[in-house]
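First comes the structure, then the notes that go with it.
Chain IDs A, B, C and D follow the sequence of writing; residue 1 opens each chain.
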Amino acid sequence: MDDIEIEFFTDDELHADILIEGLPGIGQVGKLVVEHMIQELKAEQVVGITSIFFPPQVLIEPGGVVRLPDNGIYLWKGPERSIAFLIGDFQSTSNEGHYLLCDAYLDVAEELGVKRVYTLGGYGVGQIIEEPRVLGAANTDNLIDEIREAGGVMTGDEPGGIVGASGLLLGLAAQRGIDGICLMGETPGYVVDPKSAGVVLDVLCRLLNIEIDATRLEEHAAEMERILAKYQEAEKGKEEDSLTYIG
Amino acid sequence: MDDIEIEFFTDDELHADILIEGLPGIGQVGKLVVEHMIQELKAEQVVGITSIFFPPQVLIEPGGVVRLPDNGIYLWKGPERSIAFLIGDFQSTSNEGHYLLCDAYLDVAEELGVKRVYTLGGYGVGQIIEEPRVLGAANTDNLIDEIREAGGVMTGDEPGGIVGASGLLLGLAAQRGIDGICLMGETPGYVVDPKSAGVVLDVLCRLLNIEIDATRLEEHAAEMERILAKYQEAEKGKEEDSLTYIG
Amino acid sequence: MDDIEIEFFTDDELHADILIEGLPGIGQVGKLVVEHMIQELKAEQVVGITSIFFPPQVLIEPGGVVRLPDNGIYLWKGPERSIAFLIGDFQSTSNEGHYLLCDAYLDVAEELGVKRVYTLGGYGVGQIIEEPRVLGAANTDNLIDEIREAGGVMTGDEPGGIVGASGLLLGLAAQRGIDGICLMGETPGYVVDPKSAGVVLDVLCRLLNIEIDATRLEEHAAEMERILAKYQEAEKGKEEDSLTYIG
Amino acid sequence: MDDIEIEFFTDDELHADILIEGLPGIGQVGKLVVEHMIQELKAEQVVGITSIFFPPQVLIEPGGVVRLPDNGIYLWKGPERSIAFLIGDFQSTSNEGHYLLCDAYLDVAEELGVKRVYTLGGYGVGQIIEEPRVLGAANTDNLIDEIREAGGVMTGDEPGGIVGASGLLLGLAAQRGIDGICLMGETPGYVVDPKSAGVVLDVLCRLLNIEIDATRLEEHAAEMERILAKYQEAEKGKEEDSLTYIG
């Protein structure tokens, strides 16, 4: 087997103008956005990617059927543009594998004719945030105004850079002359965060000039709020109880 | 030397319909079952596998002769079917090696003509279990009824998937069109568990429609029960002693 | 992509007599010296190096534009000699990568015609030092007098050797018949240390027989002294406070 | 550069009947023996080995000259037999590198015509031992009597096998039809142990049927005894002091 195996599920010639990446990461923000878009747009999987750089295991589906970890590319043909989505189970388990996988993703993107890459993720801030901002980054100067106009915040003072596929895809895309924008929703970092995914989706839709029904994502976010509120109440109760004990 | 070295011990053309894997793992459940079957069926080793992905050491046999870590394939020619067994000293020390070794095992399996793979292991539950169940998984839908009929339990809610060769062999076999079933005996996880091996052997024999004398495995399990009972009594004694001290 | 990618930014034939390395390391001493020299001499980047052995991330520049981690070679044509500088973002994340990257740097050096390599770094001593010395090492006997005459101290009793590019470049250069000198400024090890960089620059300039205006480096060092002095005062205040409490 | 680089220092045809390995390990026992033999027999280095699997650093010699970590093969032409010695700075930093390096060492051994390999090491027992035994292991049955007759103890109940070059060389030699014997001197494990090296040298000389003056090794051992005795006295003093305080 090759270190990275890429399988096309069709012999048809495929085309996409844009690639949107939402691999697993902080708060699963990017993955939630791309999952939502795939569902709403009814995008279909056209490519499967397996690799020795993924964890050495299979995943058990409900019912008991197992499958290899794999990442996939889904395609949606819009009236004006076609969009490819990159989503999946895992990122690389090794430093070197991160580079090699991202390079392989871009090989596919180039084959599809992709001219711009969006990478989506969370930006961990360590606490619950009422109104998460969407932080932006780009792999070339002339994309910055566009991000700002769509509601993204350019900061450039995040220390340490952007780690993993959301970062590397931008850096490696630049080498190929492909534009790249990264959108990161602020998120506590320790919970799955559909609320942060919602604000990232907002900014992304403005950038893409398309409309996506966000109802399901909002419902998911509202449910998450209820769970967190209950949890916080329970924690507060514990504190009061312990105060009583102390008092 | 190659990263993985496969040596055939005979020039005869070899054939097997089924491959049963029992490499080291949780509670050594899979290894105990396959060791038992090899002994009872008098299967003979036909292939030896060494690899740079095994730990960098030799094993000392009683008497002081050393040998490289190696995994082996044993063959049994039954009246109706031939079965190959995969057993050995170690699994891979690296993530990538897990994939490459399992791929190499399947290369041999395909060469032997194997149409179905059974992988055996333990499912750690963290406590002593009176009546361990056998959890099943498969790499294709249409094997599930068969597993259930043989007494396996399909759950599919084990989190995190199946790690190591027992999982990967199923996932990689699917890519080659080879059927795969995984049987996992519930086990505490912190002791070698011939009792769990016994129930896995039961289900496996029903699936294979063969009979294997389980006496030796039962004796081993009874002996293990005695050891654990003594250990628990000793622990209980300690607790009572300490209660006395406290009281 | 190759494991190490080397890009020349010009088709002109390039030449350098000397290579000076200042990759990140203890106290950033080497990097500060080479950054300073590049600025003062207005050296220009001629080569860019990216690699799967660098951390899997991009760096965010002020303003929000990202770029891959990369190391670069800068060139300065002096009246008598040409000097190449090796500087950059990271060293290798793996042991093997250190060897392979240093070998690649020397491939470029040989192509440029380099006859001598200087590697610069810090030597961590774990405490603030009033008058840091410059420790020297060489990859051949006949360079030692030269280092001493320039004010470097030959000790040879540093345990554990010189780790990373500053060491390996010397060892690998010897195999190619290229002279190599390492200069290490004593430094606490836990802060960026422009003062140590200053004394290394001193010795290096004497070895190269060139003059470099050190004003900016001295200003940086003075500023760092003020910061450290404030910090020490604050720490002292805390101690006195705690003494008061105890008293 | 190749992952492992082997350099012959002469164009003469070289021959050795025996290879004796003493790379760094527990108590430096093997290294002390081989260093001693090289000195006493005035063996000369004929091969140098460098590798990306060694630590990424250079070693500083007294005086300040640095060199790459390297392992070497030394040759001694005896009246009846020629012996090659393998000694050096480091073993591999990675699991896979251990296999690949040992395989490379055996390539050289085969080229020299080696028919038997001796590997030497320490066997850590965690405490000071008055009369260390020499534990033996072999890669084939018919060497065991020979080891016993020379004073080695065959145990075969050491758990976990023999890790690193001393083990792997035996296992890999067997695959090539080369005899292999491992001698391990019992040693505390936490100090360099010339006493243990002395007893290993004893058994080895009987196996080789040669005589080596052990004076220097005995002096080294006596000196080490004095250091340890002083240390133990100091420790005892501390205990008595603390008893005084308590009393």
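Following the convention adopted for this analysis, a contact is a pair of C-beta atoms (placed from the backbone, for glycine too) under 8 Å apart; a residue touches a chain by one contact, two chains touch by 3 or more.
Here is each chain with its UniProt name: A, B, C, D = Proteasome assembly chaperone family protein.
Not measured: the values here are computed from a predicted model.
Trainee: Could you pull out the chain whose C-alpha mean position is farthest off from that of subunit A?
Mentor: D
Trainee: Give a one-word verdict, same or different, on whether subunit C and subunit D use largely identical residue numbers at their interface, taking over half shared as same.
Mentor: Subunit C vs subunit D: different; shared/all numbers falls short of half.
Trainee: So what's the Cα centroid distance for subunit A and subunit D, whole Å?
Mentor: For subunit A versus subunit D, the centre distance works out to 53 Å.
Trainee: Which integer distance in Å separates the CA centroid of subunit A from that of subunit C?
Mentor: Each chain reduced to its C-alpha mean, subunit A and subunit C end up 38 Å apart.
Trainee: Please list all residues of subunit B that touch 2 or more other chains.
Mentor: Residues of subunit B never touch two or more of the other chains.
Trainee: Chain pairs that touch, all of them, please.
Mentor: Inter-chain contacts occur between A-B, A-C, B-D, C-D.
Trainee: Which part of subunit C faces subunit A closely enough to touch in the complex?
Mentor: 1, 3, 50, 52-53, 55-69, 93-94
Trainee: Within the complex, which stretch of subunit C touches subunit D?
Mentor: 92, 95-96, 98-100, 103, 136-141, 144, 147, 154-158, 160-164, 167-168, 170-172, 174-175, 180, 182
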